[in-house]
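Look at the two complexes coming up: subunit A is in both, with subunit B in one and subunit C in the other.
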Partner chain A sequence: MGGRFTSPTALADALAATAAGHRPVAGGTDLVVGTRQGKWSLPEDLVALDRIEELRGIEETSGGLRIGATTSHADLAGHPAIRKRWTAIADAASIVGSPATRHIGTLGGNLANASPAAETSGPLLCFDAQVEVRSTAGSRRIALADLFNGPGRTTVRSDELIVAVELSELAGVGSSYVRLEFRRQMEIAVVGATAVVSLDGAIVIDARIAITALAPTVRRVAVAEFALVGTDGGPDAAAEAGRLAAEAATPISDVRASLEYRRAMAAVVVRRAVTGAIARARGETIPIPASASLFGAR
Partner chain B sequence: MRYLVTLQVNRTSYPVELEVGRTLLSVLRGELGLTGSKEGCDDSECGACMVLIDGRPVNSCSYLALQAAGRQITTVEGLASGTKLHPLQQAFLEHGAVQCGFCTPGMLISATALLAANPDPTEDEIRAGLSGNLCRCTGYVGIVAAVRSAAAELANAD
Partner chain C sequence: MTATLAPTLIRQDGRDKVTGSGRYAADLTVTGMLHGAFRVAEVPHARIRRLDTTAARALPGVYAIITAADVPEVRYGAFLKDRTIFARDVVRWEGELIAAVAAATPEIAAQAAALIEVDLEPLLAVTDLETATRPDAPLVHAEWATYEADENLVRDGNLASRSTIVKGDADGGMADAYIVVKDRYVADGSHAVPIEPRAILAEWQGDHVTIWSSTQVPFAARSGVAETLGMPQNQVRVIVPHLGGGFGAKCELGFEPQVAALAQTAGRPVKVVFSRREEFLLPDHRRERMILELETGVRRDGTIVARRAHLIIDNGAYSMDEPFLGQMAAMFAVGPYRIPNVDVSADVVYTNTQPSGSVRAPTGPTTCWALEQHHDVVAERLGLDPVEFRRRNLVHEGDTGPTGQVFERIGALETLEHAAAAIGWGRPLPDGEAIGIATGWWPSFPGASGANVTINADGSGTIVTGAQECGTGAVMALPILAAEVLGMRPDEFRILYQDTDAGPYDGGASGSQTTFNNGRAVIAAATEVREQLLDLAADLLEANRADLELIDGMARVKGSQTSSVSIADLASQAAGAGLLLGRGSGEPPPTPAVETANCVGRLGAESFAAPTFFTHAAHVKVDRDTGVVRVLEIAASHESGVVINPIGATGQIYGGVAMGIGQALSEGVLLSEDGRQRNPYLLDYKLQTVADVPPIHVDFVDAPSPTGGPKGLKGIAEPPCVPTPGAIANAIVRAAGSRVRELPMTPERVWRALASTNGEN
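This part shows the complex of A and B:
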């Protein structure tokens, strides 16, 4: 029976394997679980990334953060700098699946899988994440917005690996990620929203808003961002941003929700995400995960 | 291709020959005879197959056995010391946390991971810690009570 497997400790060996046609497996919580669900069969040849030390971990750099591709959701959710300064990422990572999913599932896998409902994508888009991908031929940096190419599709070539995600520091911002969920845990976002805002006194001077499970890829919504800038970010402004984002959304109907319900709920989650981000920018405490803290928030 | 590797389960080394697609659960049950871990859904929904790998909970039904090679694997068989039950096992018995018992090995493993990370969890934290484990019998109330009581027991023992 075919099927080759390699589990290197050096990144160079992993890149040689992808160049030779091996598919990467990190936690396997998408790749292997999908085979158990009968969605696809396991790729013939695999290279496991979990023993490569240099791919894992979160490093504070002079300008921000560098997060290794195999960093787990649990490590993202627990990291003090992420919780304090890139809070929406912690909101997102802390509600992925169950404790087991969060310990085994990785950031690189979440991005490479490119689900329109992926939890970490919205916060990372709003924080202008740059993705470093590498092959035996060298490395290149891709803005996260240019990585997603449709549901389940990315611009990462099959011989390349995502090695890290880089974030620059945005001074004085407040952020939050909120998803609509039918249950608290083991859920996939029905719809989700991220907001990242900066204030000058009481006025919003910068706003980034992304929508999740509301378009073929997770994406930002410029009309809602423009509308929020210059306002006080209060209930009316948050509701207006929600209304505009819902209008711009292009959701689908599936087993979890109809298109109409998703669009209606888009307005609600965007409003909550904006409310949470504004409150955090003002220094108020909204416990992580914001989804649970802002449930029912007007 | 088949690969000869060593699985370290409950501090015992087992040499095994594996194909790439073998899941850890199928090896534990089928090759090593460790049938404590159960197969419920076989796709990461129910938690009946939960084991610890290097102390972290993993759905073994959906994890490649080759990725677990050389790491410390703990199954429910590894919780008791000889004939003395682990405080969590004892508490499950005392609080009616077991009916048919199918979810119990996975519940015990998730609870072990939870208490290692958070020795004094609130009820909400216990429910979140066990959120990857489904029980169709007990209604969970006894399970939550058992975890709480084992936490107190373990705190007193220290």
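This part shows the complex of A and C:
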């Protein structure tokens, strides 16, 4: 009641509204659903970002990709370069919510919501994504690793908008994102894992492993990455990485699962993510999304 | 399949619903309408020390607030009158209503509801089922003995209802058995989760009230309002706009009296629309929690000689139809098997949790899930194939049921053979995959029901029925029956339905009874019109009435191409004289005779009228590392007497299987220690999605029942969700080696079963 709603087409107007205290809304898949669920009240003043052309779209740059903040999950999941070279992002974006969620929900919104269960965060973290935020005062870049402060908290100031995510090319990597899924659509990560690997011949020379919904924020697990480097990435190495990641995880018990189950699943899901990433690095086909392709994999 | 009258019936309400032009209760607005909100207990058990509405009333925009003090003190309930429309002195579950507010906007109403000051003195809550049965357990209803109740109800303290089935000599049978197998199963409660959260709008004019409500049972809502508010039924009109599903949760009296009383006090129409969260927390119809202890004695050849069972069933804090459902569960614990010696008891017990009540095939899926797992355990112990074990024990025509009823023509065995064949029972499967099978039964519910059929001056037809369309298509299919009687096409009829002032009484979208009972009524009404048409045609054609037939929209002399008159012409003549009006009810078929001298708690379910039989086979894949189960394929074979509308019946099976998969794998109410729901929202109350539903092979076995509905049909709405969880459970064991004895069989439970057992069965 009495709230203001603006729906500008120019980014400058959106920045001005944000500076004036309007809360940004993109797809609304977190904001509106959370309101209905009683998590929070709908903000009095809203600025809608969906009509701002320059915030949407995926652009191939000399060194990699620039992804507009209001690019939908469906657009991410369907983009040829992402599917080929940043495959874990396509794995993640293609399993967010339902087809409806993926068409309306945005990458920037997913990051701003800062859920420890956010699908795209793990892959972006492993790909060293940089987040460009802007305010009326100017713009700055935040490494994804520095974006999250805790569950639902980011280092983006209230007068700033996330405008884009930038990725640089990592040559020759294979990657995958795997999530534990109780059903085939409308799922939320109870346990998720990302693996990004580079091979030299048969040997892993670089490994990045992130765990999702297993800590207050999505985070990388150095001990598991370290253990994987120098191995052949085979079943034993993948299982060891899984074991170490599970040990490093700090899961909770809640309505979705017990701590004990989550930790056990961390080992399984990390193992599968590594298996998927290694296979893709070798040029083998693991169809997107990897979660479904690796269902039941021992 | 025989008796197929309409292979491709187009639903009259389909276009309205898919285009959005149809109106549901929440869509309605009337002049001067206010918005209502409820204040609920939010604690499981407490004494109300003080209730102060002063601050809430002072909020601008608030028009009325009512509590128990503002309505007649009437206790109501179908079998046991233990509840009031607002809490009086004590609250007994978290969703119990304390007050209702009418305000200018939904937001003000919610704010005012929160401002009501309620001082509650906590009382010890009983939430655990076994604890509730102990003699020293705190009583959910201290004054239980003073409540008015059905004379056949067996009660004692927290025991709201006990039903037993005793036949032969179970002790002797067990003593003679080659082996005796005993095990135990535990099931969580679950929800119906209709897509439409309910809405109720009440408007008074003078001394009569019109209530638009998303109810499955408008006549029960009408009589309930009349009973609780102390008014004659003819001053209460209940209209149901399109209904967005119910699955049992919108059966019995809902929230109509509270909204009607609120509107009366406010002097303005009031509408209440539930949020999804409220739809989880406030209704008094969730599927019952159960503990099932089963014991079976078998001969070496696999013949069952004795069954003992003890069931504990959660009644919740108040009694809706659950006391009756205990007897249903007892019947299901015997199952459609030849068992000479039976000793089964079912105790329905009070707890300080949400009341249980009919949700699609109440107690059926849970009991079948436990019993059919138990039967596989028995077969395994005997080294018998599960299909062969059932083949040796299923009931045939001429056999007697648990209470001595003699079965007429039935097709239980055929459903077993057809489902096994359709799924490819015994075929080799990849590692981690397996097939399981489960058989069950379900009664039909004969009852009173009425309809009127008229032919208008232009020859078009109108059916006015009291039956309720809850989405199943049962009401939409009624024109098939009228059209056949009158030689017309189904699409020549319009249906006026779900308005208690328009149509005659019907039991509502409940008990799979619409086609069974209202189909009979429509045929009776159409038959009256048929007689009127034949009289007119005989005069006009100067023919012998007995030589006439109604066919292709005409009355004609049988076999003649020339001597005929169109029904439209007859209708046009009738419009100036004796109108074409038919009314019908018909006589409900009798229920089978039973022998129940040794049984207690006889509430009507001891006799299964026109029982339907069915078998599902499930092909699953188990992810052994995570416990996640995917259902890859279901074969569903149903003997439902006959099928008159294959699209509708097949749709019921698709929906029932999908619901059954959810009950099997993901749908369960998580309760906190003090009995409050922990997952009353769709993110964590996990329904199956369309992506999870596998190919379903549907098969119908014909066995027209002499005591069935029209053409010998039986109910079809509830049965399809009954055997699915059991079939999936038995497939999980065969795929992964461990039996899961908790429902739902969530990934974590499957994983724990796999981790804690080494192929234990």
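Throughout what follows, the second predicted complex is superposed on the first by the 297 of 298 C-alpha atoms of A that agree within 3 Å, B and C clash if a C-alpha of one lies under 4 Å from a C-alpha of the other, contacts with A are read in each partner's own complex, and residues count from 1 in each chain.
Just so it is clear, contacts are C-beta pairs under 8 Å (C-beta built on N, C-alpha and C of every residue); 3 or more make two chains touch, one makes a residue touch a chain.
None of these values were measured; they are calculated from a predicted model.
*Asks:* First (subunit B), second (subunit C), both or neither: which does A:Ala249 touch?
*Replies:* After superposing on A, A:Ala249 lies clear of both subunit B and subunit C.
*Asks:* Go through the superposed model and pick first if A:Ala100 touches only subunit B, second if only subunit C, both, or neither.
*Replies:* A:Ala100 contacts subunit B only, not subunit C.
*Asks:* Where does A:Leu147 make contact in the superposed view: on subunit B (first), on subunit C (second), on both, or on neither?
*Replies:* Neither partner.
*Asks:* Answer with first, second, both or neither: which of subunit B and subunit C does A:Ile188 touch in the superposed model?
*Replies:* second
*Asks:* Answer with first, second, both or neither: which of subunit B and subunit C does A:Leu15 touch in the superposed model?
*Replies:* In the superposition, A:Leu15 contacts neither subunit B nor subunit C.
*Asks:* Could you look at A:Leu180 and tell me whether it touches subunit B, subunit C, both or neither (first, second, both, neither)?
*Replies:* So A:Leu180 only meets subunit C here.
*Asks:* Between subunit B (first) and subunit C (second), which does A:Gln37 come into contact with in this model arrangement: first, second, both, or neither?
*Replies:* In the superposition, A:Gln37 touches subunit B and subunit C alike.
*Asks:* For A:Tyr261, decide between first (touching subunit B), second (touching subunit C), both and neither.
*Replies:* A:Tyr261: touches subunit C, not subunit B.
*Asks:* Scan A:Ala164 for contacts with subunit B and subunit C and give back first, second, both or neither.
*Replies:* Neither subunit B nor subunit C is touched by A:Ala164.
*Asks:* Could you list which residues of subunit A make contact with subunit B in one structure and with subunit C in the other?
*Replies:* 1, 36-37, 98, 184-186
*Asks:* Can you list the subunit A residues touching subunit C in their complex?
*Replies:* Residues 1, 36-38, 98, 180-186, 188, 255-258, 261, 264-265, 268, 295-298 of subunit A touch subunit C in their complex.
*Asks:* For the complex, which residues does subunit C have touching subunit A?
*Replies:* Those in contact with subunit A are residues 107, 275-277, 432, 621-626, 628, 630, 665-666, 670, 678-679, 681, 683-684, 686, 688-692, 746-748, 751-752.
*Asks:* In the complex of these two chains, what residues of subunit B are touching subunit A?
*Replies:* 1-3, 19-21, 23, 42-45, 47, 50, 56-59, 61-64, 66-67, 69, 110, 113-114, 128-129, 131-133
*Asks:* Quick one: in the complex, what on subunit A touches subunit B?
*Replies:* On the subunit A side, the touching residues are 1-5, 7, 25, 28-29, 32-33, 35-37, 42, 46, 48, 50, 97-101, 103-104, 184-186.
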